[in-house]
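Could you have a look at this structure, given as structure tokens, before my questions?
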Amino acid sequence: MTERVTVTIVGGSGYVGGELLRLLVSHPHVTVRQVTSRSQAGKFVHGAHPNLRTVTDLRFTSLDEVERADVLFLAQAHGEAATRIDHWADLAGRIVDTSADFRLRSPEAYETWYGAPHPAPAWLDKFVYGLPERGRDAIRQSRYVSGVGCNATVAILALAPLADAGLLERVVADVKVGSSESGAVPTAASHHPERSGTVRSFMPTGHRHQAEILQELGDLDVAFSVTGVELVRGALITAHCTLTESVAERDLWSLYRKAYANEPFVRLVSAKSGIHRYPDPKLLAGTNWCDVGFAVDERSGGRRLVVIAAIDNLMKGAAGSAVQSMNLMCRFDETAGLTFPGLHPI
Amino acid sequence: MTERVTVTIVGGSGYVGGELLRLLVSHPHVTVRQVTSRSQAGKFVHGAHPNLRTVTDLRFTSLDEVERADVLFLAQAHGEAATRIDHWADLAGRIVDTSADFRLRSPEAYETWYGAPHPAPAWLDKFVYGLPERGRDAIRQSRYVSGVGCNATVAILALAPLADAGLLERVVADVKVGSSESGAVPTAASHHPERSGTVRSFMPTGHRHQAEILQELGDLDVAFSVTGVELVRGALITAHCTLTESVAERDLWSLYRKAYANEPFVRLVSAKSGIHRYPDPKLLAGTNWCDVGFAVDERSGGRRLVVIAAIDNLMKGAAGSAVQSMNLMCRFDETAGLTFPGLHPI
Amino acid sequence: MTERVTVTIVGGSGYVGGELLRLLVSHPHVTVRQVTSRSQAGKFVHGAHPNLRTVTDLRFTSLDEVERADVLFLAQAHGEAATRIDHWADLAGRIVDTSADFRLRSPEAYETWYGAPHPAPAWLDKFVYGLPERGRDAIRQSRYVSGVGCNATVAILALAPLADAGLLERVVADVKVGSSESGAVPTAASHHPERSGTVRSFMPTGHRHQAEILQELGDLDVAFSVTGVELVRGALITAHCTLTESVAERDLWSLYRKAYANEPFVRLVSAKSGIHRYPDPKLLAGTNWCDVGFAVDERSGGRRLVVIAAIDNLMKGAAGSAVQSMNLMCRFDETAGLTFPGLHPI
Amino acid sequence: MTERVTVTIVGGSGYVGGELLRLLVSHPHVTVRQVTSRSQAGKFVHGAHPNLRTVTDLRFTSLDEVERADVLFLAQAHGEAATRIDHWADLAGRIVDTSADFRLRSPEAYETWYGAPHPAPAWLDKFVYGLPERGRDAIRQSRYVSGVGCNATVAILALAPLADAGLLERVVADVKVGSSESGAVPTAASHHPERSGTVRSFMPTGHRHQAEILQELGDLDVAFSVTGVELVRGALITAHCTLTESVAERDLWSLYRKAYANEPFVRLVSAKSGIHRYPDPKLLAGTNWCDVGFAVDERSGGRRLVVIAAIDNLMKGAAGSAVQSMNLMCRFDETAGLTFPGLHPI
């Protein structure tokens, strides 16, 4: 029988922190030791995360009360983890950070995309990018795992088989996202009468997650827009791909099947009829799936296809991949705590 | 270690059937043997229930291929179970029927509310009403358990502590419901451009679920309206209660706490601040919770309160209570397969 | 030909202010002179109200720049109009105030429901309640008209024919409302991931709008809850009415037809089939309609009915009634500027 | 004073027919003579279009009762107008057809995209493409005007200034659309529990509207996907454009301003701050606007930009452009009947 590890979540009142908590309180090999919140220290966690009412009677603790634990999850605002990383490393042998702080290996890339020098560049090489599908072994052997950008995750998993095969000449992608991507703090943009039913181009160009895509897939010609739609959880990418050569549809399917044959959380969607022919993020709420499918442009002579992939941005795009990475680091069953299949209808 | 039982779902392509399937394929003590569908026999169940893609490779079978099983779940349209109940009883020792056919004990009440004589009145006494909170022991000792009306469920659980204490003089309730209550068949009423964003009074008076409320809570003075709102899963009752005598708020809380102290799926919601002060069905999607709270009318001298309760209509209001009933009949842990806590945000 | 009047809107950056502006910039007898905003003085009004892009090139002015105008609309937060009412009365011969400050005639009632003494009690008698259906002549002869509570409006119009006929023994009403009722300022409660898809009991008892209902309809036995649903604009009341005597359905229809025969903005909804049998607020977005219908409880012997009424809370429940009142005061066609019929589908 | 014309709508029970009716019953120069419906002949039009309750007491007539009128609007399913076009031309001197039948000038292109020979190829040259922004004078001088594809409309208006300037090397566009695009007939795809909250790739490649784009803008390299999102009305295009040469942002704005300076229904959106920086279809419900904006990719050296445009698919993308075309043909004010500015919030 696998032993249990103690886990503490730093930054537990936000949406990623709450999702980590949901996953970890029912994880078969984890005991949640502490959950921090600056603003809600002393209060029950189910005040912030009402789904956990009666599920746990944990209370938030303040940041400076954090004690030693086997694994530390950092789920703070971007920039916070890096500024105290030595402190956190003193408290736990293993760290999973869900922020953007340690996703990029290159300090130059960090400065380019985040607009300031990295606060702890010496740490960049110690962290591994936390997407198991791109580096399962590296994660297993690492003690420090970064988070993943949700839009980057869905893009990387959509494109990886083509990129790895050297087939991608050019990609233009639009990602449709839900409102939880912007976090738990109310703003003018998140005010319900404004956000409800919107189709909002909040990042037509220059989205930071491009940096992760390029790092993980190589130096692609990629254009990338992000559009907010009426949805709380979920991200769907529509990636128009131009290939370097003509490829038959069945060979593309073989490529994807081979790439993802052993992946526990990537599903290929290839229905020929019905209303569920392509991935749809609404079916993935609460799950760690990434659903991937595609359509070949019949008029392109096998040179163009549209790859479609969907995730729950808070799960596969954040907390789910983080727990999957912890499972790998701790040598647990990779799917432990992550088996919720999702709801239909929803 | 508990042994596994074999289970077959008759009528598995609808929403309740799909939800039963989701619960049962990952139930620790169940092997799903067959799932029937008239229209989709031979096809994979994940065509109808895309959340189960890769989770199960079951295919639908036709109705006349159903073989013996330990437990039979009937999830057909109202009226179908009753017409073939002898047939089904030959095939399984235990039956849980989620339709309306065996909810009422009185053939007269059935005829009054459903507009036709009951097709198998001799069977009515063999069935037990499938709401564990109203008859746990009876369910344990029964072989035949009925379904529950979703609106009835949320009403009964909201009002039972007051009714059982003889405190209810009068109730006027409005139930807000999601679109999944109307099932999986498209109609003019379910057409998205019409149903989206609607606040539709589809049953202002005379809803059949009243019959169940009266049967379970006694001869109450109850008025009951049902209003469709923008929501797929969920039902929330707003029950204005007039009491037979003045009761202090703390005594009302005691009454509810006592009534539900040992209930694994009823949670009391009594937050004094924040945005989650009352039950909200959106937090319960996919769960078997019934959340219950109330507010006393300060101007009423303790004679009036508004009880608010929420469920997922497909779970506690249908498939969840059905599986909970099976757990009781089969002497499994009552919560087996039903522990998903729900998502936030969603 | 009717002359034009000059109009200024004080408090023009909120939702009611924006709606007044939309109505008044295309009103055939109005020239909008100024629109104020504390936070956005100097900026184009279409920054706050993007629907008015290219429709008007007005800019917000600050509060202390307000000049004389024929009519002043006050659309500020509750409590602000009353504290400076003498100032505003110096600047305009006619005032329409959409806040709660002058809705109640009794200073005692104001203190009871708003928790503080009225700041300008001497002005209460000078104002007329701004719901034309309850006092068209009084409004015509007045110079000062109050706003209306949106929930009060839909309740009053639903119940008035029964109340005026002395038929109402008791009313229990639940009002379903959209998110725009809470105004334009983001809060934790309005944060999209929380508000989207919610069914939130934000005022189960004690809603202030009850005071208006009692003032306008007399001393009724009324209980009143308000539930937020997924909707931006709109309010629907489900009012369970117990009558003092048995009344035939056709006589109830006669009563309503007679009451509203000459009302330009009240429509009776009495379809016997189809999906639009009862009022639905989603069809009323942007319109000044109040749709009213009802269903008699067949089991009640003509003693119980459920009256259903719907409005756009920003229109008939606020800006629409305000402009209708101005039309009356200024002797314009009562429907001027208010003829948008609404959209379907929406 | 302009005289009134008589107008008949053939195919009046669908969503485009209903929108035509809404516009025409309050059009200052139109008398609606007849509205046809196969299934609802004899019934009030407000049964199908509940927004028109009390606005008009017209009833549907059957197809064979259509009498002479000045203008005939055909709003039938694709393929129907072409098969009886001689008949309709006998009944009216002017025809506006909103279907796809007469949008393409080339019978070959029609057969390629619609999969069958055109039923009345001789008529193709008599029709003019009904988008005033692309051929105002031709429409004025024509008697027969085609409809426009909604997705084509938003694409053409987004791209025309660049295409006309010969600057477009390549376009990859994703169009996000509401559920009303699929019409008024319920299907499995439109069933609310399935359609609500979906992000559905229903046409990743090969959308027929591409044919219109190529016809109107010339032989572009364009890829085009359509994604259904939670929305009833509206279409938003996210068009990634690669230019043939580097262009400064201010020159691009000049190009767009010049192209649309005199267009009554095209608005440029160029806000630098706030939450309304780009076009959003939710603000356009019920209006005839096309909002256009763009963002230049700063990393592209002026060679790439993302153009964003939004319309109400039932208005500018169908009924609105049709009425605008009629206004031109009949020499009315081009904006007559089309001045509703839209709602905020909504």
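Note that the chains are named A, B, C and D in the order they appear, and that numbering of residues resets to 1 at the start of each chain.
The working rule: a contact is a pair of C-beta atoms (placed from the backbone, for glycine too) under 8 Å apart; a residue touches a chain by one contact, two chains touch by 3 or more.
Every value quoted in this text rests on a predicted model; they were computed, and no experiment measured them.
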Touching subunit A and also subunit D, the following chains: B, C
Winner on C-beta contact pairs when B-D is weighed against B-C: B-C
Length of the line joining the C-alpha centres of subunit C and subunit D, rounded to whole Å: 35
For subunit B paired with subunit D, centre-to-centre distance based on mean C-alpha positions, whole Å: 45
Distance between the centres, which are taken as Cα means, of subunit C and subunit B, whole angstrom: 38
Residues of subunit D whose C-beta touches two or more other chains: 15, 180, 184, 188, 193, 197, 230, 232, 274, 280, 345-346
Residue ranges of subunit C touching subunit A (in the complex, touch as defined): 15, 178-180, 184-188, 190-193, 195-197, 230, 232
Residue ranges of subunit B touching subunit A (in the complex, touch as defined): 15, 18, 22, 26, 47, 49-55, 180, 184, 232-233, 267, 269, 271, 274, 276, 280, 283, 285-287, 291, 339-346
Contacting residues of subunit A [partner subunit D, same complex]: 172, 174, 176, 188-189, 193-194, 197-202, 204-206, 223, 225, 227, 229-231, 234, 236, 238, 240, 274-275, 277-282, 294-299, 304-306, 308, 310, 345-346
